[in-house]
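Read through the structures below before going on.
Here chain A shows up in two complexes: once beside chain B, once beside chain C.
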Partner chain A sequence: MKVFSECLMDRRDFLKTTIVAGITFAIPGNASLFLKALDAAEKTDLVVAHGISPARITTAAIDGLGGIRAFISRGDIVVVKPNIGWDRLPEYAATTNPEVVSTVVALCYEAGAKQVKVFDHSVVDPRRCYKQSGISTAATAVGGIVSYIDDRKFREVKLPGVALKSWPLYTEAIEADKFINIPIAKTHGLSTLTLGMKNLMGIMGSSRGRIHQRIDGSLVDLAMAVKPTLIILDAVRVLTANGPQGGDLADVKQLNTVVAGRDQVAVDAFGATLFGIKGSALGYVVAGQKAGLGNMDLAKLRIKKINV
Partner chain B sequence: MHDNSNTRSSFLFYINILLRVVCYFCTGKSTRIQSGFIKTTPMFIFFIFIMVLSNPVHAADLPIKNVLPEKGFSESWIIEEKAKLYDKDTLFDHINGEAELYFPYGFDVLATASYVNKQNSDLSIVADVYKMASVLDAFGIYSNYRKTNNSWVAIGAEGFLSPSQLMFYQDRYFVRLQVSGATSLPKDIFLACARAISGRLPTNLDQPKELGILKIPALVPKSERYLAQSLLGYVFFRRGIIADAVVQGEKMQFFVIHEDTPDAARKTFAQYYSYLKAEAQGIQMIEHPTHKQVIAVDPLYGGVIVEQSERYIIGAVRIKNTSVAKQIIEQLRERIGKAAGA
Partner chain C sequence: MIRKIRIVTQGLFLLTFLWLFLQTESKGTDELGYPVKIFLDADPLIFITTILSSREWYQTFFLAIAVIIATVILGRVFCGWVCPMGTLNNIVSALQKKRPRRAPLNWHWLKYCILTFLITLSLFSLQFTGIFDPISFLIRSFSLSVYPLVVYATKATFDLFYNLNIPVLVNMSEFTYALFKKIWLPFQQPFFLQSAFLGLLFFIILGLNLLEKRFWCKYLCPLGAFLGLLSRYAFLQRSVSEGCNSCGACDFDCQGGASPDQKEKWHNTECMACMNCDDLCPQHAVGFRFFKKAQTVPIDLGKRRVIGAILSGLAAVPLMRITAINKQAGASEPKLIRPPGSLDEKQFLARCVKCGECMKVCITNGLQPTFLEAGIEGIWSPVLIPRIGYCEYRCTLCGQVCPTGAIKKLEMQDKEKVKVGLAMIDKGRCLPYAHATPCIVCQEVCPIPKKAIWLEKAKVMSRNEDVMILNQPHIDLDLCNGCGLCEAKCPVLGQPAIYVTSIGESRSKENQLLLS
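Entry: the complex of A and B
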């Protein structure tokens, strides 16, 4: 019964879309505009949105890639993976901006997602991290299903083997219909910067410290195994020194920027430029391109910049 | 009872054999062990054996846990739960990739605890006390966070305060206090916590003696940083201290690399010279009677002047005016001479 109901909704959606498209094409001039917009969204590799409202720039960045419906389908179970690693208020830029997270959660529901789950493998006490980051409250307020990591939900997953052959990964993340990665851009003692690929470590189990010596290859393995549907890089505030935990407002810079893309390497390569360095200076970006995960050559990417 | 008695007899029998073997190896003679001795010594050995088995050397047993106030540091700030300890294998679990920063400085163990405000449980201070390999190492990790425009506080060998943090080092210990649940905290609360911890640390308030050589007139106060690996990013500069200097309005950085012997210093100097010959431009090697000096344009740091003096490599980078930089090098050489004389 439930399945039938979902199928019926899909059919309704299909009919609605067909009718809207039909009307659009029927009006002279509209068809070409519609196709142009569709074409532009498909051809855009990255969208960089700038403005004072985290919610509006997040929405604008996603719209620039064709809107949330280009990524989320009706009935999807979606995992939204922010950085909730630290016991820090949002002002410290150690964790993802809560408004960016809640905006993505709300958009997923608007697109018809069945469930939107939000979690991260916090470094310190998760109760404090979830609360102080503001993410728990913000995501819950828009219907997000916020949960702490449950150690029983990790499953050994085979990885490509650049550095890791297998690793326990969080079942809910790898079994979701769609996975949206929402890192915050900040400095990091181990990997220079933590951006999208590094944020995936939050779905790793076991002793993550063990990958120290093989961090670049390990991140590529992880990124190849768990390819996010969409990456939203939060650069509303960035941590410019003493990352990843920060703790001093003097190290935080307000950039009021959100970057969205499908290509993990491209997003991280662009993220590096926010700190005045090239993507090629980050080992995992170079390794990612070499492994065919994406493109770090920003000159060859179609980057759309939006001011909101 | 019967079983227990048999077990005890067997145990004493095996201990008897073991003791005979030990005595044989020690004295070269076969020895008969007296029954009283057999009954007491094995029990003693067994007791020690059980003690060792039940108390493996965990970081949790190190005395560092005593550096944090057990109950609280004032009536209003009480410990949330017992202090936790992290060692080299587990530090990542507490500070993630930032752990990599601590390892070159001989990180030994970390004690951490949260002190919660009685009136507002969302407000707390996280106190981290890191035990490092030496005073220089504790200074090294501290100097990584220090900024020249910080507010200084009279705690430990040196300390600074920001609205949300207080850090200091004392002896081999680096202490980091961080407010949680707010972006600032009154200074007196941070100081109370810091003093409570400082009072439990070794009383040595000396700065590392290695800093003495850098105390030249051009030094920008509190700009020294000790890097325990790859000074300037060069692997052959294994470790050293770098600082900012201003001479006649010109800003530059100068550094001192401490090697164990003059031979080791000569070797390091030769490695840098080889690197410059391959990568740099306008290299001049000046051979003085007592030392060699190289002036060049380093590909990463611009104008550079470097020389080897005794077991030290001293140099200045980002220089625009060589004659100004030479004054710094001369002052450093003098300090080294004085240090050697002392």
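Entry: the complex of A and C
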């Protein structure tokens, strides 16, 4: 009973703060309002949702962009690509928050998706990564089709050639109707971050370690080839040092934030600010802007901030 | 009737063995959930020789002692009813339908000599039993060769259908493939060094059954010999009544070649209690009864052979130990990286029975059998080869499955600290050092929470005299635990630019680098 009333309270706050999305939710039958809402949502470039519950901020962030139906159509085969790269428990912020993942999977099904597939090309043993990250259990519980990478399903794909002319990519990822990228925000190397574009490495086959030689261009190539429908940057917990694998709770910072957007460059540029640096300090963000992949100029973006 | 019960029992034990074998694989957590090494635990030969060679008592002794007690009461029921190797030999032997024209070799003495030899070695702290012990032999052959072979063939078949790309057919084959993966296929194709050699050895041993029934069990198996000795005065003994007319019907079907048709001249130590003679006897003259005086002849052995076996054991110990790798610390192969939790090399070799359990369970397939890197004494013992597979940071499975404690079972917090060696960088091959090319893969993958690899921003000149700022990796020798993930993922293939050697391994006092 207590829990229920708390929900109501939060719902009210939620309605106040996200009027647009709220109205479409509350009065789904009202077509003109619905269209208006869509229109307003279209104009929002990024939604930054902040709050205690990973599930609610994820839903709120997507609602801020016009709701899941703006992205997923009935019958779609959807790929949800979290970071399941490492053998770490969720508290260590090396892998995407399992609740964020399961919320997205559930929303996709609500929007009528036929299948929602969840996978990642883990760096260390996949069995351990899938288990310890909590993602396998969480996504399966809401009907997600969680699978390990199958070596037979890589196909050489032509890339724009900023750095890579072609690379074997995972067919299930490139052939899906919709691709939702759900990275976690972490440090990488000494000063760089791994955000949305870097998370796409998880659909690469072959010896992908080599792309570090021209990482910025390679990530732009990959991002232009994959073109996610939606990017949800998990910053519920972020790893501030010793990434991307971490392992020390002292390096984890609880931000209780989720950033959602359509523009890969914009999401990563905003993600950088969570660590106190500018997007322009990230080579692949600059390269992405230059290649016309997106906009890193946060001043020119309509960013909606929500507290849930 | 008893024969049928025996066959069913054998089948159940074989299935249990195979099932536990399949469960010797990670499912993502650090527990296996099944007592996968139970057959090794029940092996009294491994039990006794390990105690002798290590001079230490052994934790899991209940089953081995139970087998000893069972043998003293019932005779070699372990051989006839339980042993999975025996059952496999039995199955292949059954292919031999006709009585061979040749007389049997009657080399029963050979297995007692092998046993004497092995016990002599273990008295002098050399554990060589695993090479001949049937359970060790079977698990090693299955893990390193037979199972990988079957898996490869299965996968190749399904790949063939997959690549045919005929819609309905692909669906059907993929469905079956997924089912197989759930039931008996491993997570990934295992690859092992010496797999062909070990497989060949296994198939030859199986093939010998076509020459003579249960060739291995009768003539080679040291465990059989040990149980044979125990069964000599077993409570349950065969007795033949007056009704026997020496028709010889029991002779061909006797699994131990114990000459059952010879009445009181039969060899009771060779009897595997298969009960074939009891079932087959047209006169119903054969029976097994408790507290009957054994009608039998002494073990056919001979003093000279026993002395010969002891002497060869006495010579073999120093012979195996005078290899130059034993001269001083650091003289042995630097790439001899032992699994985490391994005892100091001497104690390790005194316990390792080369059963291959650790290699079977290794999550990355990085544990491989040695050949001569650890001397003949250490043949087929486990070595970590990071280029094949690194040591997973939070995995302690190898220590969990080791039957003799050669690899200690580690608690997680200990595992994270145990060093199996140290990584070092080859600046002549490393991209940011030698080739003015960015790369941080080793640092990226390093699983140590505070990173045992740190990056130095260095000014590097390219050929066109452009100055580049590159991250050059360095290793923190205090933090590095030698897991080899950096070596496994180093993009400089072949000879890697970062590699692990055993120096600094926690288990050794001598093989150290830093003053601590």
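The working rule: the second predicted complex is superposed on the first by the 270 of 308 C-alpha atoms of A that agree within 3 Å, B and C clash if a C-alpha of one lies under 4 Å from a C-alpha of the other, contacts with A are read in each partner's own complex, and residues count from 1 in each chain.
By definition in this document, contacts are C-beta pairs under 8 Å (C-beta built on N, C-alpha and C of every residue); 3 or more make two chains touch, one makes a residue touch a chain.
Please read all numbers here as calculations on a predicted model, not as lab measurements.
When both complexes are superposed on chain A, chain B and chain C end up clashing with one another.
Of the two partner chains, chain B and chain C are each touched by A:Gly209. Looking at the shared chain after the overlay, A:Arg127 reaches chain C, while chain B stays out of its contact range. By the touch criterion defined above, A:Asn242 lies against chain B and chain C together after alignment on the C-alpha atoms of chain A. In the superposition on chain A, contact is made by A:His188 with both chain B and chain C. In the superposed pair of complexes, A:Arg152 makes contact with chain C only, with no contact to chain B. Contacts of A:Glu91 after superposition on the shared chain: chain B is touched, whereas chain C is not. Note on the superposed arrangement: chain C collides with the chain B stretch 97-105, while the other options among 7-15, 97-105, 259-267 or 313-321 stay free of clashes.
Taken together, the two complexes place residues 87, 123-124, 128, 131-132, 188-190, 207, 209, 212, 215, 242, 244-245, 247-248 of chain A in contact with chain B and also with chain C. Against chain A, in their complex, chain C makes its touches with residues 26-29, 159, 162, 187, 363-364, 392-395, 431, 437-441, 443-451, 455, 457, 471, 485, 489-491, 493.
Contact residues on chain B toward chain A in their complex (touch as defined above): 89-101, 122, 126, 145, 147, 162-165, 178, 180-183. The part of chain A that touches chain C in the complex is made up of residues 87, 123-128, 130-132, 136, 148, 152, 188-190, 207, 209-210, 212-215, 242, 244-248, 251. Of all residues in chain A, only 85, 87-89, 91-92, 123-124, 128, 131-132, 188-191, 194, 207-209, 212, 215, 242-245, 247-250 touch chain B in the complex they form.
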